[in-house]
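Shared between the two complexes below is subunit A, which pairs with subunit B and subunit C, respectively.
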Partner chain A sequence: MSATARAIESGDAGLLPSRRDEDWRWSDLRGLIRAVPAPSPEDLAPLAASPFGNLAEAEMAIVNGRGPAGLTLAAGERRVVALRFVAGAGAGSHVARLAIDLGEGADLVLLETYEGGGQDYLADADLTVSLAAGARLERIVLADDSAAGVSVSRADISLAAGARLAQTVLTTGARRQRLETRVSHPGHGADVRLDGVYLLTARRHADITTIVTHEGVDGTTDQLTKGVADDQARGVFQGRIVVSPGADRTEARMGHHALILSDRAEIDGKPELEIYADDVSCAHGNTVGALDDEALFYARQRGIPETEARAMLMAAFLGEVIDRIAHEGAREIAQAWVASRLEARV
Partner chain B sequence: MAAVQQTSEQVLELERYKHGFITDIDQEFAPKGLSEDTVRFISAKKGEPDWMLDWRLEAYRRWLALDEPDWARVNFPKIDYQDAYYYAAPKDKVGPDSLDEVDPELLAVYEKLGIPLKEQEFLAGVKGSAKYAVDAVFDSVSVVTTFKKELAAVGVIFCSMSEAIREHPELVRQYLGSVVPVSDNYFACLNSAVFSDGSFVYVPPGVRCPMELSTYFRINAAESGQFERTLIIADKAAYVSYLEGCTAPMRDENQLHAAVVELVLLDDAEIKYSTVQNWYPGDKDGKGGIYNFVTKRADCRGDRSKVSWTQVETGSAITWKYPSCVLRGEGSSGEFYSIAITNNHQQADTGTKMIHLGANTRSRIIAKGISAGHSTSTYRGLVSAHPKAKGARNFTQCDSLLIGKSCAAHTTPYIEARNASAKFEHEATTTRLSDDQLFYAMQRGLSQEEAVQLLVNGFVKDVLQELPMEFAVEAQKLVAISLEGSVG
Partner chain C sequence: MLSIKNLSVSVESKAILSGLSLEVPAGEVHAIMGPNGAGKSTLSYTLAGKPGYEVTGGSATLDGVDLLSLDPSARAAQGVFLSFQYPLEIPGVPAITFLRTAMNAQRKARGETDISAPDFLRLVRAKAAALKMDFDMLKRALNVGFSGGEKKRMEILQMSVLSPRLAILDETDSGLDIDALRIVSEGVNALRASDRSMLVITHYQRLLDYIRPDRVHVLSAGRIVASGGPELALELEAEGYDKYVRAAA
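Showing the complex of A and B:
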C-alpha cells in the first residue's frame, strides 16, 4: 500500500511522502498538504462519455474511490476495457484499489483515464496487476487531472515467463501528480515497453516514475519518455532499472528527453541503473533543452507563424512516443488528445 | 603494446597492495576519542591563534548536532568516533626546512612510495625536465614541502596548512570554509573540528605556476584517522596544476579518512586538480581498509574561470566522494574525469556535482566505473541549472564495466534544469567485457589477463589522457594491479 493511501485512510497528513524521501524529492506532498481533506462522498450522477469514446467493449468506472475492485481475464481471453478514475461531485480525499489478473495467454487492452473536472481533491489509485505466462497487456493512460487536484497513482505489475507489457502514460499534470509504475519480471523472457508523455503549462506538475526489476533471464525493457514544460510548470521523470543477480542477458534501454520552454519552468530527471549481474546490456540517455531555433527558423521562413511552428515541432517531438502505441484506435485518440492540447496553445 | 607489457610485468612483480608497509616511527598521539578537549589539544599542538580554535570548536558543536548521512549506496558497520585517534604526528620534528632534517626512516618511506622528492637531485645540479613541488603529509602532519624558494620567487605560496595559518592568516581567514561551509555535511564538519594539516596554495594574479604541485598523503599510525584540509586559491588569471596521491599500510581495522578540499577561482583563473587515490582497500575478504569520506568542491567565483577534476580511485574499502564545481562566474567551466575501480569487497559511491549559477557556464563529466569481484561501484551525480544560468551547457557520459558474476554497478544521476536555454545531455551504459573483443585479443596471443588489461586500458583511456604524464603512467599500472585476479 502506498504511503499516500495510508495517509488518506488514516487522515494523518504527516504520513504523506515528503521531500525528505529520496524518491519524492521533486514531488513533495507533505509540504503541500497541511491536512487531509474530508473523505469524498458517494457520487451516483451519470458520467460523461469516456475520453476513449466507444473503443472499449466494457467500462469500469471508479468514482470518488467507489467502484469495482477487480478484473479477471481467463486463460486465452482477449478484451478491451476502459478503466476510469473519476473525481466526482464534492470530491475530498479518496483511495481506489483495483486488482487485475490476466490468465495464461490472455490479452488485455486497458484504456485508463484519470478525470478530475475542476475539482480540488487528494486522490490515490492503487493497481495490482499480474500477468500469467504468455499474457499480454497494453495499458494506455490519459491523465486529465484538475489544476487544483493532487493525484497519485501507483501500479504494481508482475510478469510471469514470456509475458508482455506495453504502457504509454500521457498527462497534463495537476497541482501535484505522480504516476508510478513498478514492474517486476520474475519470469524469464519478459518483455516490457514503458513510455510516457507530459505536456505541462501554467503551474502544473507531473511526475512519471518507473521502477523495473529484472529477476528472470532474457528480459528486455525499452523506455521512452518525452515531455514539454512551459510557464511555471515542473516535469519530473524518475526511472530505475534494477537487474538482480542472475538476471543474465537482460537488455534495457531508457530515454528521457524534455523541452523546457520558459525560464520559470523546471525539468528534473533521474534515470537510474542498478545492476547486479554481469551479462547485461543497459543504457540510458537524458536530454533537456529548448526547441531547436534552426528548425523554428526553417518553418517560419516557409510562412508558418511562430506559434504554429512551435506546436508543429512539439507535436513531432512527442509523436515519436505516441507512434509506439500498438492499438490503432487508442493511438489515434492519443494523437488527437495531444494535438488538441497543443492547438490550445496557438 | 609496451604499456600493456609493462603493466603485466608490474602485476607479476607486485603480489598485492604494494604500499602496505608500516613504518616504525615515534608517533605522538592525541588522547583517543573525540571531545572539545581533543579539539583544543590539536589546536594547541599546532600553536594556532584563538580565531582558529574558536572556528574549530564551533565546528565541533555543530557536528554534535548532525546525523551521519546514510543515502550513499555503501554498507559498513557504524563508526565509533570515540574509538580513534584524531591526531598522530611523527615525533622529533617541527617543520624541517630541508630534507636533511627529515628523519631518514621517513625518507625511506617515500622512497618506497616512489614519490618524486627529487629536491636533492636538483641541489646536486641534476636538472630534470619535469619539476614537482611536493608537500608530504604523514598521518596528520605535513612533513616536508619542497621547492618553496623557487615558487616564492614568482609569488606562489605553497606550504602546509598550519604554516599558512601562522604566516598568511589573512588569506586563510578570508577563504577557509568559504567553499565548503563548516556544517556543509557530517564529515566536512568533523574535518573542520579536527583537521590537523594539509596543503595550502595561493597563486597570485597573472601567475602561471611554474611547476606541478603535488601532495602525498599517507596514513601510518594504527587506529588513527586522517583529516587533512587543502585550500587552493587561484587569483585572477592564475593557473596551477595540483596532484594528489594517497597510500596507507595494511591493517585489519578500518581507518577513517575525512578530508576537505576547497578550490577558489577568481576571474580567468584555472585549476587542474588530479588525484590518484590508492588507500589500502582491505584484503580480499573485505577485512580492513580505509573509509574515504571526502568533500571536494571548487568555487568558480570569477568569470571565465575553469576547473578540472581528474581522479583515479582504486583504493579504499569505501569511497564516498563527489568533487563538485559551483559555476558562479559568467562563462566559467567545470570538468570531471573519473575512473573508479573496485575489486574484492570494495564499495565506491562517487561522482560529481555541477551547479550552474552563472550565464554561459559549461560542464563536462566523463565517468568510468569498473567493478570486479564482489565489489560495488556507484556513479552518483548532480547537474543543475539555476534560472539565471542562461545558456548553461552540460555533457555527461557514465560508463560502467562489469567483470565477474557477483559485482554490481549503479548509475544515479540527478538532472535539474530550471531555465529554457539550458542544454543538458546525459548518457550512460553498463556492460560487461565483450567476449568477442577478449577472444580477438587472446587469439592474437595475449593471455586472458593481458587481454583484460588491454581492454580495460582502452575503456578508461578518455580519462587517463587527462592526467599529467607521470601520473598517467602510474595510474595505468594501478588500474592493472587493482584488477589483478579478477578474471578466470
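Showing the complex of A and C:
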C-alpha cells in the first residue's frame, strides 16, 4: 500500500510522502497538504462519455474511490477495457484499489483515464497488475486532473516469462501529481515498454516515476518520455532500471527529453541505471532544451503563424512517443488529446 | 514590385545595412552580389522578418504594402518567400504536411478557403515531377537526413507550390554540385513570371550562368555601391570585389 493511501485512510497528513523521502523530493505532498480533506462522498450521478469514446467494449468507473475492485482475463482472453478514475461531486479524499489479473496468453488493452473536473481533491489509485506467461498488456493512460487536485497513482506490475507490457502515460499534470509504475521484470523473453508525455502549463506539476527491476536473464526494457513545461509548471521524470545479480543479457534503454518554454518553468530529470549483472546492454539519455528558434522562424517564413508553428513543433516533438502506441484507435485519440491541449495553450 | 528605400539594419546593436536602396520591378530577376560580410544575408532575413534584425531606418514595401511592420507569417501571406541558405530540419513533420499547413495558413491569412486535399496533392505531384523529385521524399520529415542538394530542391518545390510575389534566393548555389545546380536553376527559371520579382543573392557568378538576371547589384558595407546589367557579374568574376570594398570603405 502506498504511503498516500495510508495517510488518506488514517486521516493523518503526517504520513504523506515528503521531500525527505529521496524518491519524493521533487513532489513533496506533506509540505503541501496540512490536513487530509474529508472522505469523498458517494456520487452516483451518470458519467459523461469516456475520453476514449467507444473504443472500449467494457467500462469500469471508479468514482470518488468507489467502484469495481478487480478485472480478470482468463487464459487466451482478449479485451479492450476502459478504466476510469473519476473525482466526482463533492470529492475530498479517497483511495481506489484495483487488481488486474491476466491469464496465460491473455491480451488486454487498458484505456485508463484520470478525470478531475474542476475540483480540489486528494486522490490515490493503487493498481496491482499481474501478467501470466505470454500475456500482453497495452496500457494507455490519459491523466486529466484538475489544476487544484492532488493525485497519486501507483501501479505495481509483475510479469511472467514471455509477457509483454507496453505503457504510455500522457498527462497535463495537477496541483501536484505523481504517476508511478513499478515493474517486476522476470527476463526470459518478457518485454517492457514504458513511455510518457507531459504537457504542463500554469502552475501545474507532473511527476512520472518508473522503477523496473530485471530479475532474470534475457529481458528487454525500452523507455521514452518527453515533456513540455511552460509558465511556472514543473515536470519531473524519475526513471530507475535495476538489473539484479544474474539478470545477464538484459537490454535496457531509457530516454527523457524535455522542452522548457519559460524562465520560471522547471524540469527535473533523474534517469538511473543500477546494474549488478554481467553482459548487459543499458543506455540512458536525458536532455532539456528550448524550442528551436531557427525552426520556428523557418515555419513562420512559410506563412505559419507563430502560435500555430509552436504547436506544430511541439506536437512533432511529443509525437515520437505517441507514434509508439500500438493500438491504432488509442493512438489517434492520444494524438488528438495532445493536439487539442497544444492548441488550447497557445 | 519590391521597393527598398534607405534601409538601415542593426544586429546586436551593430549596423549591418546602412541606407540600402533597391527596386525590383515585377517580372524581373535581380542579383545581389557582394563580398562576405557585406550584409547579403541580413538583407534577406530583414525582408523576411527574422527576429533580431532591427530596422533603424528606411522602408521596404511589396506592391505598396509596408513589409517591415508585418509579422513574418503575414509577410509570407503577402507573397514573400525566402529560400534559405541552410534550410532547417523539422523532425516529426512530414514535408507534405508542412507544406500543406503553410499553404492553408497563407490562404487563411488572405481570406481564402483551404485547398482541398486532392487539389493539393495534384499540385504538389506536378511540381515535384517538374523538379525530378521522388514524391516519397515528401512523406519524410522535412529536410531530415536530406542531402544539401535535396534540401535546396525542397526549397524550390515549396516556392513553386506557394507561388510567391517576391522570391528571395539566399546563396541557393551553396553546397550544390553542378547537376543539382542545373536542376535547381531550371526550377527557378520556370518560376519567372510577369507578376513575380526575384532577388538572387550570391557570392559567386557561377549561379548567374544558369539564372540570367535582368540587373546585377553590388552590395558592400551595407549599401548598393554599383548596379548594372548581367555583364557586371562577369566583371566581378574577373576582377573581384576589391575595388568596391575600397570604394565603400
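Methods note: the second predicted complex is superposed on the first by the 345 of 346 C-alpha atoms of A that agree within 3 Å, B and C clash if a C-alpha of one lies under 4 Å from a C-alpha of the other, contacts with A are read in each partner's own complex, and residues count from 1 in each chain.
We take it that contacts are C-beta pairs under 8 Å (C-beta built on N, C-alpha and C of every residue); 3 or more make two chains touch, one makes a residue touch a chain.
For clarity, every value in this text was computed on a predicted model and none was experimentally measured.
Engineer: Is A:Arg264 contacted by the first partner subunit B, the second partner subunit C, both or neither?
Structural biologist: So A:Arg264 only meets subunit B here.
Engineer: After superposition on the shared chain, which partner residues are touched by A:Ala316: those of subunit B (first), subunit C (second), both, or neither?
Structural biologist: So A:Ala316 only meets subunit C here.
Engineer: Looking at A:Glu59 after the superposition, I want to know if it touches subunit B, subunit C, both of them or none. Which is it: first, second, both, neither?
Structural biologist: In the superposition, A:Glu59 touches no partner, neither subunit B nor subunit C.
Engineer: Touch test for A:Gly289: subunit B only (first), subunit C only (second), both, or neither?
Structural biologist: The first partner, subunit B, only.
Engineer: Between subunit B and subunit C, which makes contact with more of the residues in subunit A?
Structural biologist: B
Engineer: Considering only the touch criterion stated at the top, classify A:Val280 as touching first (subunit B), second (subunit C), both, or neither.
Structural biologist: first
Engineer: Can you give me the overlap between the subunit B contact set and the subunit C contact set on subunit A?
Structural biologist: Dual-contact residues (subunit A): none.
Engineer: Tell me, which parts of subunit B touch subunit A in their complex?
Structural biologist: Counting only subunit B, the residues touching subunit A are 71, 387, 390, 400, 402-432.
Engineer: Which stretch or stretches of subunit A touch subunit B in the complex?
Structural biologist: 22, 245, 258, 260-290
Engineer: So in the complex, which bits of subunit C are touching subunit A?
Structural biologist: Residues 48-51, 71-73, 75-77, 80-82, 84, 87-93, 98-99, 101-103, 105-106, 109, 141, 158, 162.
Engineer: Flag every residue of subunit A that touches subunit C in the complex, lowest number first.
Structural biologist: The contact residues of subunit A facing subunit C are 292-295, 297-306, 308-309, 312-313, 315-317, 319-320.
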